[in-house]
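These notes concern the structure reproduced below.
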Amino acid sequence: MSTGKPSANAISGSHPFAARRSMNQLTNKLFTGIVWLIGICTILFIIALLYTILQKGLPQLDWGFLYGEPSEIEEGGGIGPVLFNSFYVLFISLIISIPLGMASGIYLAEFAPANKFIAFIRICVEGLASVPSIIFGLFGIVLFVESLDLGLTVIGAAISLAFLNLPVLTRVTEEAIRSVPQEMKQASFALGSTHLQTIRRVLIPVALNGIITGICLVAGRAFGESAVIILTGGVTSSGVMWDFNPLDPGATLAVHLWYVQSEAIVPDARLIAEKSAAVLVFIVLMINIVFRVPMWLNARKMR
Amino acid sequence: MKTKWFRNLGLAVMALSLTFGSVSAVSASSKLSGRIVINGSSALLPLTLQASNEFKKLNPKVKISASAAGSVTGPQSVRKGIADIGACDWDASTSVPGFAAFSGQVANKVAVIPFAAVTNGSVGVSSLSTSDLQGIFSGKITNWKDVGGKDAKIVVVNRAFGSGTRVNFQLKALNGTDFMTKGDNYKEVKSSGDMKTAIETTPGAIGYIDLVYVSGSKMKAVSINNVAPTEANVINGTYKVWSYGYYMTKGQPTGAVKAFIDYVQSSKFQNGSLKKLKFIPLAAMKK
Amino acid sequence: MSMMEVPNLGTVYSGEELGRSLEGSSGKAFSRRARLSFYNRTFKIVCIASAVFVCLILFSILLLMGRTGILTFETVSLKTFFFSTEWVPENEQYGAFIFIFGTIALTLLTMVISVPLSLIIAIFLSEMTPAWLKNALRPVLDLLVGIPSVVYGFLGMTVLIPMLRSVTGTTLGDGILAAAIVLTIMVLPTISRITDDSIVAVPKKFRDASYALGSTRFQTVVRVVIPAAKSGIMYAVILGMARALGETMAVVMVIGNTPQLADALFKPTSVLTSNIVMQIPNVPFDSAWNYALYMMGFILLVISLIMIVVVRAIQGRGVKS
């Protein structure tokens, strides 16, 4: 695995290679330049993107907007109940998907023999990851609205969302556990731990960083997901704050954003959309930071 | 078959709501309870949401969940028994182009919805005749100068086939003429909001939308045959491009569902919130 | 350490009771061993059950889509469905070729733009930036994944398309180029972050060996680091491709939604996902139209499964050699 043709650098000052060497230096400089250029462009682009989203909405935020009830007629409607629903739906869906996703990830990484069947399961998991969210929505309708006749509910939205998140969590857990050095595992076994103890005390703590990154990605995606929830949770909320009934309608902030952008006729619809988008992005940012704090602590402890 | 099972379920739900209904008929209306699921037209969604907010305050024990996809979803969900009310932009108990009638369903009128042909603000055309509109939307007229505007290409923005707004616009503004379906200057959008954005940001664009959404200077509602799309013209009968919005129910509504529809049709709601939402009250048309 | 509790959720009862049992287990060694092995077996079964459950979801979805979709062929011939370019529900014509072609073309175009770009960004992140910039950039890239697709679509419609229109002078601007640019922005964080992780995972000794032989940074990255990280990069590409294939809400706002073949970059066209989401709300349940839309959903799943198998096969061969 080394460079096919040894470069001339090593034999410094030797004339026959001088031309080649300067060529190499040139391509290298060019390469470094391009990478830096694109890297900096990307940073600028991301800043511009976040600025466009946040700049219109964030300065105009106030508590009344975050806590208030949505209004159909008058200006100044808030997002209170849908914001609450967002967290509630996310919470339930994570409660369901994290254990299931982690367990199946652990199975793939630790127990599964390397045969055709497992390769098949792995393809299934990746296949599920590529299922468009609208199809999860249709699936959710058949399951919760038609078969169980629950109507459009928080619980239906949360479970459909959990299905959407499962494959990513499974894969991320598998990758994270696989990347734990073999030595650590063997040391644990050598000390007489059972497989379960090894997984619980060694593998998961070490792989936690990767798993948390995965949870962040999943939580962010779930928070911004609208197609699934429009179909399974509806576009209404119960209209009051702190409503924990899982059978109430489950519109989330992302759904409300979709609704305001596509159908609402309140005069300040555009403003509400901008503010909602800003709140959404801000919360995803917060999720990313809050989830990472234990990760940094963990990293320090591991050191 | 599965459908049979659904029908049985629907019957059971109906029986259940009947019992609820009879109970609630005895007690005061504030003790009304039950669950109402509403699905269907997205154009009626703001009205439904507002009405359900008000209704829930009066009857805290009634749970209303509303969602919206497209007009035809409404009567279909009612038929399947997964919704109690199906909001629809046309009378789904009769057949319209592309959709068969839903037998056994009752259409409850709830509002009058005016539609308008709209152009990008820069186009500079203020009135179009029916034949102009037919020519433009069928793709035969491709430049604004042919209908009295400046020399600019026309971009036609359409709603997807099956949209209630499209059904009504085709019937009432184009007299049933077919839309164009292809071309470099033709696109379809998914919702009224997308229509608004597309018209506002595309130079030379024309489309159509519920009159409610027309605001600002980036989008302009044009007169049709020199009649301006205003509430007054709809009421006095000169502006023809409007339709009723309907709540479809399975049979005559009962119980909480009936109470909800009654509330929406009450003069309090019709002359209050419904008017504020810029729909036209039903009573205005009965003259 | 509340976060430490999260991983235990999968084994709530077994895990906690195990802890307790260890504390009070000085006495009966034999029963303790039996119990431990019981927990081990239970845990393994729970894990297997979860993995099978994940597969079950995929199969129920495939079954749901396939069962409804297959009814299409009662009224539409296979040949018409797959090779006709006429999609006119008004006249009961259901040829899905335009959408299948559009989906493949859009995905390829997105990959052509996004893979090289993401690769360079990943190299930038992992090999060139100072540590503080890495720590700042990585969470921000992760954040981009969480921006709702509706927001991307809206920005595409209001910022990107007018820009494309003024740069190229086309009348409309909608089409696969606009969609590919929006998708590129959406998959960029996914591909570059996973690639970044796999490049970081390449052992330092590889790089040291390469530099010791006198390679420049360019040579080291291109000839040593990237080949060594190939499996991870492939995985990143699969995930990105899957996201591009399945993305709906953003694509539908910029692609134009017109059933015509995407033979030019700026021609309004339609892909499988956008056509499904445009038409499914307006479709009568028991119609060939509805069945055809479900069939298209089924095809979408099959296309992504095939792509995954193909990429896996390529990757498998790469690992062996």
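Observations on the model:
As written, the chain order gives the labels A, B and C, with residue 1 at the start of each chain.
Assume contacts are C-beta pairs under 8 Å (C-beta built on N, C-alpha and C of every residue); 3 or more make two chains touch, one makes a residue touch a chain.
Predicted model only: the values in this text are computed from it and were never measured.
Under the stated contact rule, the graph of chain-to-chain touches is complete, every pair of chains being in contact. For the criterion of most C-beta pairs in contact, the winning chain pair is A-C. Measuring from the averaged C-alpha position of chain B to that of chain C gives a distance of 36 Å.
Taking the mean of the C-alpha atoms as each chain's centre, chain A and chain C sit 12 Å apart.
For chain A, the set of residues touching two or more other chains reads 261. Residues of chain C in contact with at least two other chains: 154, 277, 280. For chain B, residues touching at least two other chains, in rising order: 42, 69, 80, 190, 194. Of all the residues in chain A, the ones that touch chain B in their complex are 69-70, 72-73, 145-146, 149, 151-153, 230-231, 233-236, 238-239, 247-249, 259-267, 269.
On chain A, the positions that touch chain C within their shared complex are 1-4, 6-10, 24-25, 27-28, 30-32, 34-36, 38-39, 42-43, 46, 49-50, 52-53, 95, 98-104, 106-108, 110-112, 119, 121, 123-136, 138-139, 142, 163, 166-167, 170, 179, 194-197, 199-200, 204-205, 208, 211-213, 215-217, 219-221, 223-227, 254, 257-258, 261, 273, 277, 280-281, 284-285, 287-289, 291-292, 294-295, 297-298. Against chain C, the residues of chain B that register as touching in their complex are 42, 69-73, 76, 80, 98-100, 153, 155, 160-163, 178, 181-190, 194, 197-198, 201-202, 204. Contact residues on chain C toward chain B in their complex (touch as defined above): 88-90, 154, 157-158, 161-162, 170-174, 252-253, 256-260, 266-268, 277-285. Listed in rising order, the residues of chain C touching chain A in the complex are 1-4, 6-12, 14-15, 18, 36-37, 39-40, 43-44, 46-55, 57-61, 64-65, 117, 120-121, 123-125, 128-129, 137, 139-151, 154-155, 159, 185, 188, 201, 206, 209-210, 213-221, 223-224, 227-228, 238-239, 241-243, 245-249, 273, 276-277, 280, 297, 300-301, 304-305, 308-309, 312.
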